[in-house]
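Two complexes, one shared chain (subunit A), two partners (subunit B, subunit C).
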Partner chain A sequence: MEDMIFYDRLQFAFTITFHYIFPQLTMGLSLMIVYFKWKFLRNKIEKYNNAAKFFMKIFAVNFTMGVITGIPMEFQFGTNWAKFSELTGGIIGQTLAMEGTFSFFLESSFLALFIFGEKLMGQKLHFLTGFLVFLGSWGSGYFILATNAWMQHPVGYEILDNGTYVLENFSALFKNPWLLPTFLHNQMASLITSAFVVASIGAFYILRNKNKEYGKLFLKTGVVFGFTASVLVAFPTGDWNAKNVAKYQPASFAAMEGIFETEPKGAEIVLIGQPNMVEKKLDNKIAVPNILSFLTYQEWDRQILGMDKFKKEELPDNIPALYYAYHIMVGLGTIFIGIMGLSAFFLWRKKLYTIKPLLWGIMFLVPFPYIANLTGWYVAELGRQPYLVYGLLKTSDGISPTVSSGNTLFTLLGFVALYMLLGLLFLVLVGKTIHQGPKPQKH
Partner chain B sequence: MTDTLISLISIIVGIVGTNVFGLLYRKYNIGLIGNTIAGVFGSILFIKVFGRLGFDPVSIMKPRIFNAFLFVINMIVSLLGGVLLVVFIKKKGIK
Partner chain C sequence: MELFWYIIIATILTVFFILDGYDFGAGIIHLFFAKKEKDKEVITKSAGLFWDSNEVWLVAAGGTLFMAFPTFYASVFSGFYLPLIIVLWLIIFRAMGLEFRGQFSYQMWKDIWDKSFGISSLLLAFFFGVALGNIVRGVNLGAVENGVSVHEGHFFFLPLWNSDFSPLNETPGVIDWFTIIIGLISVVVLAIHGANWIVLKTKSSINEKLKTIVFRLNIVLLLLTILSVIVWLNINPNAFSNFVERPYLFVFPLVYLSGLIGLFFIKRLEKDIYSFILSTLLIIGGITASLASLFPVILPSTNNVNESLTIYNTAASEYGLSVALNWGIIGFILLFVYMIIQKRLMGGKIDDMDYGH
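Up next, the complex of A and B:
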């Protein structure tokens, strides 16, 4: 049984990690494409239009990869998590179906119109199709997060005699206090990824002395969007999320912050340290006293419950992974504010395009927003353990009881091989698009 | 269980098939990106629409026995979906 849960979780973790590489870029990029197109409509400078179309190509490749990797996810609900789907399908089925019907179709239909329909529709309608792609993309994120928010903090449900969950209040799904802060935090994090991608392509063009005019435009836009989103992802959205975890999942909060023992007055914030699960303490700790209490409750002496106050079965089952994921996410978020803040400063001083170390830095930092986004999701998912639906349905009760661990392992190996192939194809396609660069419109 | 893997293999067959088709018949080559996107969406569309006739991934593995015949039909339909979408795009002169 333990083996079955382990492999089911491993397979889901692997497939969702690979899948989320793509939507996190498309969500942020769609907003930046709308910005480029809006700038073109306002000042009629062709390079903004070419920038919008260039990034829509990268968007299309990412969107396609997101679709390919999303289909197996849909199947996994039925194959690996049959019991979970059976028990909660009446609730999560609503939001997942809305995601497909309202958002995915909106996004994919208008993406095709944006790519192929510029001459046919004229510029204003072309802008509108770009805006609808953005709306579909963010709507998709909203409905998926509504599903996840219900799993993190279940509301508006009723349990029938046979154990299945049904919706008792539909609007509660969307008024869930977990949803809005998570959605805003997630979207800002996506915007950071896209801003770094746009800025890094700009830095690449400037360093290569190729498409320099576009290089400057991409870098400038990426830095402005990146700095704004880096600040917003920390405050207010990140702060709001952390307060929600402290309120609704106090055991997870203690684990992610690395609080093993409850302090009588005021909790310290841990900057660095390694969880020692044998002695139940943090090794080599560097911490600042009372800051965590202040950040969470705006009271210096407010007590925050440590892991010692919870039963073992209430605590997440992989505390070190949760702790490290959280600290990597926060650490990277701080670096993003620093690097984007510095870039924004030099942009203001009109020196950014000539500072080569900073341009190299921006270019090579591209993988890190992806890592931060993924570790952020690991925090949410590891923090919810040992539950699938927090406080109601244990992970061990949601798996498909008849699927053997060997079967799951075999499929997982298949996924690893095929995703490596897809990953290579993705790199070739995106590399080719970047190499070609934005093409000026032929008249 | 392996249904998930079959769905992925089906799309990859669509991608590879559409690109090979583009290489064999240059007239239907709309670039690596174009053929790949057509391969993905064409194969998904065809499998989602026609797979219900009995060769969707779940039916291929049902009941816990791998049905190679249905699998081959699935792959052919997937490939056809991608190829026909490229042909449609070229005929309509979209690209």
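Up next, the complex of A and C:
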């Protein structure tokens, strides 16, 4: 039983982590493509149109990966989490089905039109198809997050005698107080990813002294989007999320902030420290007193419950991972604001394109927004433990009763192998597109 | 309400097999009959331009099934765990074949992805047929051994096959000689459908030859169909009682038969679209006739201990089903509208269309 749960969780974690590498770029990039296309409609400079089409090529490869890794996600609810699906399908099935019917359709139908139909449709309609692709991808994100929000903070349900959850109030699924903050935060975070990708391709072209015209455009756009999104991801959206966790999941809040002992008055904020699970304290701690209470409740002296106030069964089962994931996300967020702020400053002073170290920095920073996004999700998902549906359904009660751990291990290994291959091919193809570059500008 | 959602989901699934069916079929034809590079390229393109928006119907079917019949979704997806995951892998390989082939012009690169596309299409067509066969035949619900359920009555786990490959075994496997026949039927139907699609959408040099091939495949199909009915009556003498009780259900097998008969005249049809419509009838008729023979059961039980799953004992709550109808109707209208817009704009032969690389 124990190892059945373990392999199911591992498989889900692995496949979703791989899946989420792709949608975060899709969602952010679609907005930036719409922006390029819109600029072109306004100023008719061919460069902007080519930029939109260039990123659409990267988008298309990325989208394909999102689709083929996304289908296993949907299947897995049934294959690996059958009991969970059976009990809650009447509720989360709603939002998942809406995602399939409304968003993926929009996205994939109009993506084909955007790619193949420019000459057929004229510029205005072409812009519209691009916009619909954007709408579709953000719509997917919204419905998926509505699903996840219900698992984090269940609302609008009723529990029958046999343990089944039935929907009692449909609109409550969308008025869930968990949903809006996560959606906004998540979308800003994916915008960061795309902004870094765009900026880093720009920096690469400038440093290679190739496609320089485009290099400057990409870098400038990336930095402006990147800076804005980095600020918004921390404040107000990140802050808002943190308040929600403190309110609705106090046990995971204590674990992610690393509060082992409840302090009588205001809680300190931990900047650095390693959780020591044996002695139940943080090693090498550097902390600033009272700040956490202030950030969370705007009261310096407000008490915040530590892990000592919760029963062991209510605490997340992997506290160090949760703690580190949270601090990595927040730490990276701070770094992004710093780097993008600095770049924005030099952009404004018209010096950015010549400052080599900064360009190198931007170029190599690409993996970090991905790391921040994934660790952010680990915070959310590990923090939800030991529940599948917070406070109601334990993770251990959600797995498929008939699928043995050997079978899951077999399929997990299969996914690992297949995804390695996919990842490699993806890199080759994106590399090739970047190498070919956008169409050189006509003079 | 249950009935309504059952019809909606069956419709989505059927549309999925009609649409994605032609690109599975194109893959099968590609694997066996396309020899010249130019033909290979246009055949890949005739599937590659459309597969992802076709696959969306699969996602929609999965999503709505999850929402409307959660118990069925949970039972079937965990019970057919291995074949389903293998289907997922095949879907990935097929998509890779379609998307990656055109990216580099080395012959070897193309050959690899051609095979990836062709073989996975073939296997997928086969497995989808096997899946239908399994649903019709039923499974050992609750994994009953010596009259006692090992699991809750609606859960089960199917091995890929059991030692005698027999559908008569108390715990049948995914693959037995009955489901193999249905799998083969599916391969042949989709190959015919794919061939018609290629003729319709491309100017490939094998178009004329494909008509002869469709004719021959149709003979095979006729034989297989007769065989499957005989075998099926042998396994389950009451298999067709639904049709006897409600004679109007005979429409569905008749749709299938009209497609089958019509295709024998393929060479005399004036427009290519007619033969495509006939193979579409095959798919519609095949799926609906199988479902109608079971109705209202959606997964028969092979033991006497646990009841079969029906649309009534696996459905979500009445309230959930009825609110979902509000968005569902809007959603499905939109689905069809998108599909029509897309097919309109990309109508005609696709040989000269830019593949975007």
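We take it that the second predicted complex is superposed on the first by the 439 of 443 C-alpha atoms of A that agree within 3 Å, B and C clash if a C-alpha of one lies under 4 Å from a C-alpha of the other, contacts with A are read in each partner's own complex, and residues count from 1 in each chain.
Assume a contact is a pair of C-beta atoms (placed from the backbone, for glycine too) under 8 Å apart; a residue touches a chain by one contact, two chains touch by 3 or more.
Just so you know, these numbers come straight off a predicted model, no measurement behind them.
Trainee: Quick check on the subunit A-based superposition: subunit B and subunit C, clash or fit?
Mentor: On the shared subunit A, the partners clash.
Trainee: Once the structures are superposed on A, label A:L106 by its partner contacts, choosing first (subunit B), second (subunit C), both or neither.
Mentor: Second partner only, subunit C.
Trainee: Please indicate which partner A:A60 is in contact with in the superposed arrangement: first for subunit B, second for subunit C, both, or neither.
Mentor: Touch partners of A:A60: subunit B and subunit C.
Trainee: Would you check which partner chain A:K432 touches, where first means subunit B only, second means subunit C only, and both and neither mean what they say?
Mentor: Once the two structures are laid over each other on A, A:K432 reaches both partners.
Trainee: Could you let me know whether more residues of subunit A are touched by subunit B or by subunit C?
Mentor: After superposition, C is the partner touching more of subunit A.
Trainee: Just to be sure I read the superposition right, which of the two partners does A:K83 touch: subunit B = first, subunit C = second, or both, or neither?
Mentor: Touch partner of A:K83: subunit C, not subunit B.
Trainee: Could you look at A:M151 and tell me whether it touches subunit B, subunit C, both or neither (first, second, both, neither)?
Mentor: In the superposition, A:M151 touches no partner, neither subunit B nor subunit C.
Trainee: In the superposed arrangement, which partner chain does A:V403 touch: subunit B (first), subunit C (second), both, or neither?
Mentor: both
Trainee: Could you look at A:Q94 and tell me whether it touches subunit B, subunit C, both or neither (first, second, both, neither)?
Mentor: The answer is second: A:Q94 touches subunit C but not subunit B.
Trainee: With the two structures fitted on A, what stretch of subunit C runs into subunit B, 2-10, 110-118, 236-244 or 326-334?
Mentor: So the stretch of subunit C that bumps into subunit B is 110-118.
Trainee: Report, in rising order, the residues of subunit A that make contact with subunit B in one complex and with subunit C in the other.
Mentor: Residues 57, 60-61, 64, 67-68, 71-72, 75, 78-80, 108, 116, 400, 403, 407, 411, 414, 418, 422, 425, 429, 432 of subunit A touch both subunit B and subunit C.
Trainee: Hey, which residues of subunit A end up touching subunit C in the complex?
Mentor: Of all residues in subunit A, those touching subunit C are 57, 60-61, 63-64, 67-72, 74-75, 77-80, 82-83, 85-94, 96-102, 104-106, 108-113, 115-117, 120-121, 166-168, 170, 400-404, 407, 411, 414, 418, 422, 425, 429, 432.
Trainee: Any idea which subunit A residues touch subunit B in the complex?
Mentor: Subunit A reaches subunit B through residues 57, 60-61, 64, 67-68, 71-72, 75-76, 78-80, 108, 116, 400, 403, 407-408, 410-411, 414-415, 418, 421-422, 425, 428-429, 432-433.
Trainee: Provide the residue numbers of subunit C that touch subunit A in the complex, in ascending order.
Mentor: Touching subunit A: residues 49-50, 52-53, 55-56, 58-60, 62-64, 66-71, 73-79, 81-82, 84-85, 88-89, 91-92, 95-96, 99-100, 103-104, 143, 151-152, 154-157, 316-317, 319-320, 323-324, 327-328, 331-332, 334-335, 338-339, 341-342, 345-346, 353-354, 356 of subunit C.
Trainee: Residue numbers of subunit B touching subunit A in their complex, please.
Mentor: By the definition above, subunit B touches subunit A via 1-5, 7-9, 11-12, 15, 32-33, 36-37, 40-41, 44, 57-58, 94-95.
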